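Look at the two complexes coming up: subunit A is in both, with subunit B in one and subunit C in the other.
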Partner chain A sequence: MTSATAPLLKLSGVSKSFGPVTAVAPLDLDVAAGDFCAILGPSGCGKSTLLRMIAGFIEPSAGKIAIAGQDVTRLGPEKRPTNMVFQSYGLFPHLTVAENVAFGLALQKRPRAEIAERTQEALRLVRLETFGERSIDRLSGGQQQRVALARALIMRPKVLLLDEPLAALDLKLRHQMQEELRRIHQEIGGTFIFVTHDQSEAFALANLVAVMNEGKVEQIGSPDRIYLHPATLFVADFVGETTILAGERRKGRVRLKAGLEFDSKGADGPVRVVVRPERVEVRFGGIPAVVTDAVFFGSSLKVSLKLPSGEMLILRSSDANAGEHFRPGANVNVGWDAKDQQVIDAP
Partner chain B sequence: MIWRVILGLFLLFMLGPIALVVVFSFGANALIGFPMGGFTLDWYGKLVADTGFHSAFWTSLSAAFSTAILATLTGMLAAIGLMKVTPGATRAVLAALALPVLLPPLVVAIAIVVLFVRGLGLGLGLPVVVLGHILVAQPFVILIVMARLARFDQATVDAARDLGATRLAAFRLVTLPQIASALVGAALVSAAISLDDFIIASFTIGGGNTISTFVWGKMRTTLDPSINAIATILLVLTVGLSALALKVSKYKGQV
Partner chain C sequence: MTRHFNLFMVPALAVLAFVFAIPILLLFAVSFWSVKNFRLQPDFSFAAWQRFLTVYGDLTLYTLLVGLLVGLLCTALGFVFAYAARFKAGRFGDLLLVATLITLFGGYLVKIYAWKSILGADGLLNQALMWLGLTDEPLAFLIYSRGAVVVALVHFLLPFAILPIYASLRNVSEATIEAARDLGASGAQVITRIVIPQTLPGLFSAFAFCFLLAAGDYVTPMLLGGTSGSMLGQFVLLEFSTNFNWPAGSALSFGLLFACLVLIAALAALGGRMMRRPAGAVS
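Coming up: the complex of A and B.
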């Protein structure tokens, strides 16, 4: 028995090298039961390699993988309580939709009636209950995606793995499928881990995000923590719109090139301050800035400001009359709360 | 217009002799030539009664069948293996395997006799014929199966494994059904190649006969249209097999 607080999936020091290439540097990751975890990172950063190690397709070069307290590091994919939705779906073209979905249960030689019932249930979950007899090549991309999802979900995996499941879909369908995934996750209360390079998708779905770069996990945390308190400059830059300002720390006090000064503990040396655009506001006595550009996005206005240091600062305002203050060339004073900034030691 | 005439002459030149062979096999006249007399099936009847032809026919069929099965099986394994190595290695192996196809069949036949009969001490006969035919047919099998595997989605195998299939089960339930049509096509082509061959068979068959060595022997003693009847049977078999192979692999290819 594992205690309620023990993570369902635990990676300890897991890494993978292909010859001289380090695809995944040693990392630790804990995922609790019920979590919807996103592995977020740019192309080629090792996301798929990490996911395939969890699924059992790639054996880690070092480290340990445990699921529900059981060490599965050396088990093949067929022996793990995980199931995967592949980026290219990997549907069986010689079988019908229902036969695809039933494949795993048929392998287990379950009774016919049970297979039929659970297949129907899985198809209902992905809203394809009338498509059972269709052949795979007569489905749209979104429908194929759902079949792949149903085929994995019918196995009731302890952990469902999804490798860029929505990457091949167009924008509208992608948003629709994001909703579906959220609904399904809530409905069955499973544990999902999905890989994506789209930060808005990661934030829309996940309650736990691991940001990867060049094989290393840069930060693991809740979406709002990662958004407001990025641990590294890479995370700050990769996740959402941001302004990064240069400065210097001396004896616990940071002085920004742009003119601002505040207390901040840490070693002396160059630092960077990260500020999210929607936390910046017009403020009496703030940093003097000149508006260089203002773009209206419907729900908000994006304003580019030039600071005395020559650095650019982005401000986002959802105030309906904001456009009047921010005519290009106008002088404004801007500032933000100290709690909304993140100070990162510069490399 | 001029091109049509040229094309017509060309077709006549290419297909005329073959058409004549078929036509004469139904002619009543014992001498091959015009006039050929009335329509008759006598020459086929004569073959049916000829025990020498019987044994040649069955030898050819056994050779074709064994070649089809063995060349397809080994060729499939080779193709699957070749998909897992680097493209450079694949090219080198394919070039080496294609050699028996490019070399004059006479050289291949001599090589087979030297290796299997003189070298390894196998007796002349059907098994050595089959070995020779496999040598020639297998490169075609490999190419056909590799072409199919090239557009095969590896994720389907991964998915099967992920759903609980062992390697073997995944191969049987997912890989095999997807490449089955290519395998059938490859087997039919192998059978056609085996039926077609004369040189390798004549060097390695020893005391017996395949259809083609039987015809060769008969040509030197008799010159009646029963030879045409044999040729027609061979023609129908090989063209039929090839056409079937094309149809099988093409049909599935478009799905």
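Coming up: the complex of A and C.
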């Protein structure tokens, strides 16, 4: 990394074990100011533990956490320039919306006028200007989410942490809140880190994605890099729809069980080739395949194909009228460009 | 719907009326009756109430003070215990609660006699003090005093405080505590601004339980209070039994009841105002 400016948040060799169980294996993560970073992984992969270590609720077993050059590894959450939006929101039920939002500033004994002004500003940012006097239990889930966001943002944290912020919302509201989060991130230009198990959410929001599995970071990179060039089979499989084909490399040439051959540098041994469905197309002289199923999604068509090797290949066509070519049982020839495939050494 | 609902309530209301409301009203009426030649007869006299106010006024105030003190001590200690059981004891929290429940089975008189054997002239505490050389002869004020009554009452009533406080602490989510810490609250601020405001109903019922039970008690002061630690309840018993002055006994018990209710209502009103303008508000 030859970044001109030092990263805002720097994790070096951070790990966490609970007794004999390793929740988070040693990892490095650099997040620059203004980044919108997603920590993506299945449940139980250690992503929440990682976020709680950044927030200060869990002390790392080893490693160092620095924010804006200051070592915060041993500081509690109340002393860190981070604020968190909790998965269950953690709103104070005995306070009104405005009192919830003002809580952090009231603790700092700021002047009354400043608190009132900044509370109003934070409520405006989350579009709840008129809700200040409401009690928490008279808000919908989405509104509670916004209050939790305003309560954290009013503190002007160097890093805003969000723990599965949208998991409790229904699909429509989730998309709406994703838009809100993007807008707020652009409006205040802050640094956000959020944890999610939903790859579409990670891709929709983040410019930097860290994929975790079983306590280890599998890959860190931009969404398109992770989608098109997954570093590991886990990433390929977890992120988006994908086809993984088995093959073997000998002397710089890979031969797939499905019957394809191409050049590929690397050690001899078994490999896997990862292809995204929308990169697969009907191609003269391609691999012969049999259509087993075709599902119409409105904007696209998802076709399941059986290859001669017995492996399944998914094809996604944006031509919604292509349905007649893909009747179950039909024979088609399919292929893809070499640049759209990712060759990964099999474990 | 409503008609059926009312019908279903009839048995409950009947039981309540016959075993509770009617006897209470009868006893209240007795406080205006008079006693002539050891016979109770209907009357409309304020003599018993006058006796309550003139003879027992000071003792009523003292009894209320003991109740207040015991109620406050139990609520404070109960909060500490329940807080530890809820947030600090981890999986042993429920075990601690079962332990407090078990002490309730121990019985009331057993506890009083236990304190007698601890605080008595040749009790454990005096023996220990003498063995340590802190005193040459047994300290007489340990037992048969106001202090002994308060200590025994707090010990006996503590579970009645712990249980409602623990129940309301269960409803305080960890996320609210973590959120407060994240926003910069110290440990003390988390308790005063987040935990206590959310626990007020439990704290209030804990206090009300302990206060009412302590103020109405007559066995503990009888066995541990001596002459200085007497409470009004003993004299209710005295008027009813030894003096055969039912009107006076009735006036005393209702006088104490009304005084307690007024005190509880005042505290409830205060608590209600605190709920509306909580400590976490803009300060």
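We take it that the second predicted complex is superposed on the first by the 342 of 347 C-alpha atoms of A that agree within 3 Å, B and C clash if a C-alpha of one lies under 4 Å from a C-alpha of the other, contacts with A are read in each partner's own complex, and residues count from 1 in each chain.
One rule holds in what follows: a residue touches a chain if its C-beta (ideal position, glycine included) is under 8 Å from a C-beta of that chain, and two chains touch if they have at least 3 such contacts.
Everything numeric in this text was worked out from a predicted model, so none of it was measured.
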So, after the overlay on subunit A, do subunit B and subunit C clash or fit? They clash
Per the contact definition in the header, classify A:Asp345: touching subunit B only (first), subunit C only (second), both, or neither.
neither
- Task: Tell me which partner A:Tyr89 touches in the superposition: subunit B (first), subunit C (second), both or neither.
- Result: both
* **Partner chain(s) touched by A:Phe57 [first = subunit B, second = subunit C, both, neither]** => both
Report for A:Asp30: first if it touches subunit B alone, second if subunit C alone, otherwise both or neither.
neither
Mind working out whether A:Gly104 is in touch with subunit B, subunit C, both or neither, as first, second, both or neither? both
Mind working out whether A:Arg112 is in touch with subunit B, subunit C, both or neither, as first, second, both or neither?
second
>> A:Glu121 in the overlay: touching subunit B, subunit C, both, or neither? Say first, second, both or neither.
In response: neither
Winner on subunit A touched-residue count between subunit B and subunit C: chain C
Look at A:Gly76 in the shared chain and tell me whether it touches subunit B only, subunit C only, both, or neither; answer first, second, both or neither.
both
Both subunit B and subunit C touch subunit A at residues 55-57, 76-78, 82-84, 86-94, 103-104, 107-108, 148, 151-152, 155
The residues of subunit A that touch subunit C in their complex are 55-57, 76-78, 82-84, 86-95, 99, 102-104, 106-109, 112, 115-116, 148, 151-152, 155
Listed in rising order, subunit C residues that touch subunit A in their complex are 173, 175-186, 189, 193-194, 197-198, 275, 278, 280-283
Listed in rising order, subunit B residues that touch subunit A in their complex are 153, 155-166, 169, 173-174, 177-178, 255
Given the complex, residues on subunit A that touch subunit B span 55-57, 76-78, 82-84, 86-94, 103-104, 107-108, 137, 148, 151-152, 155
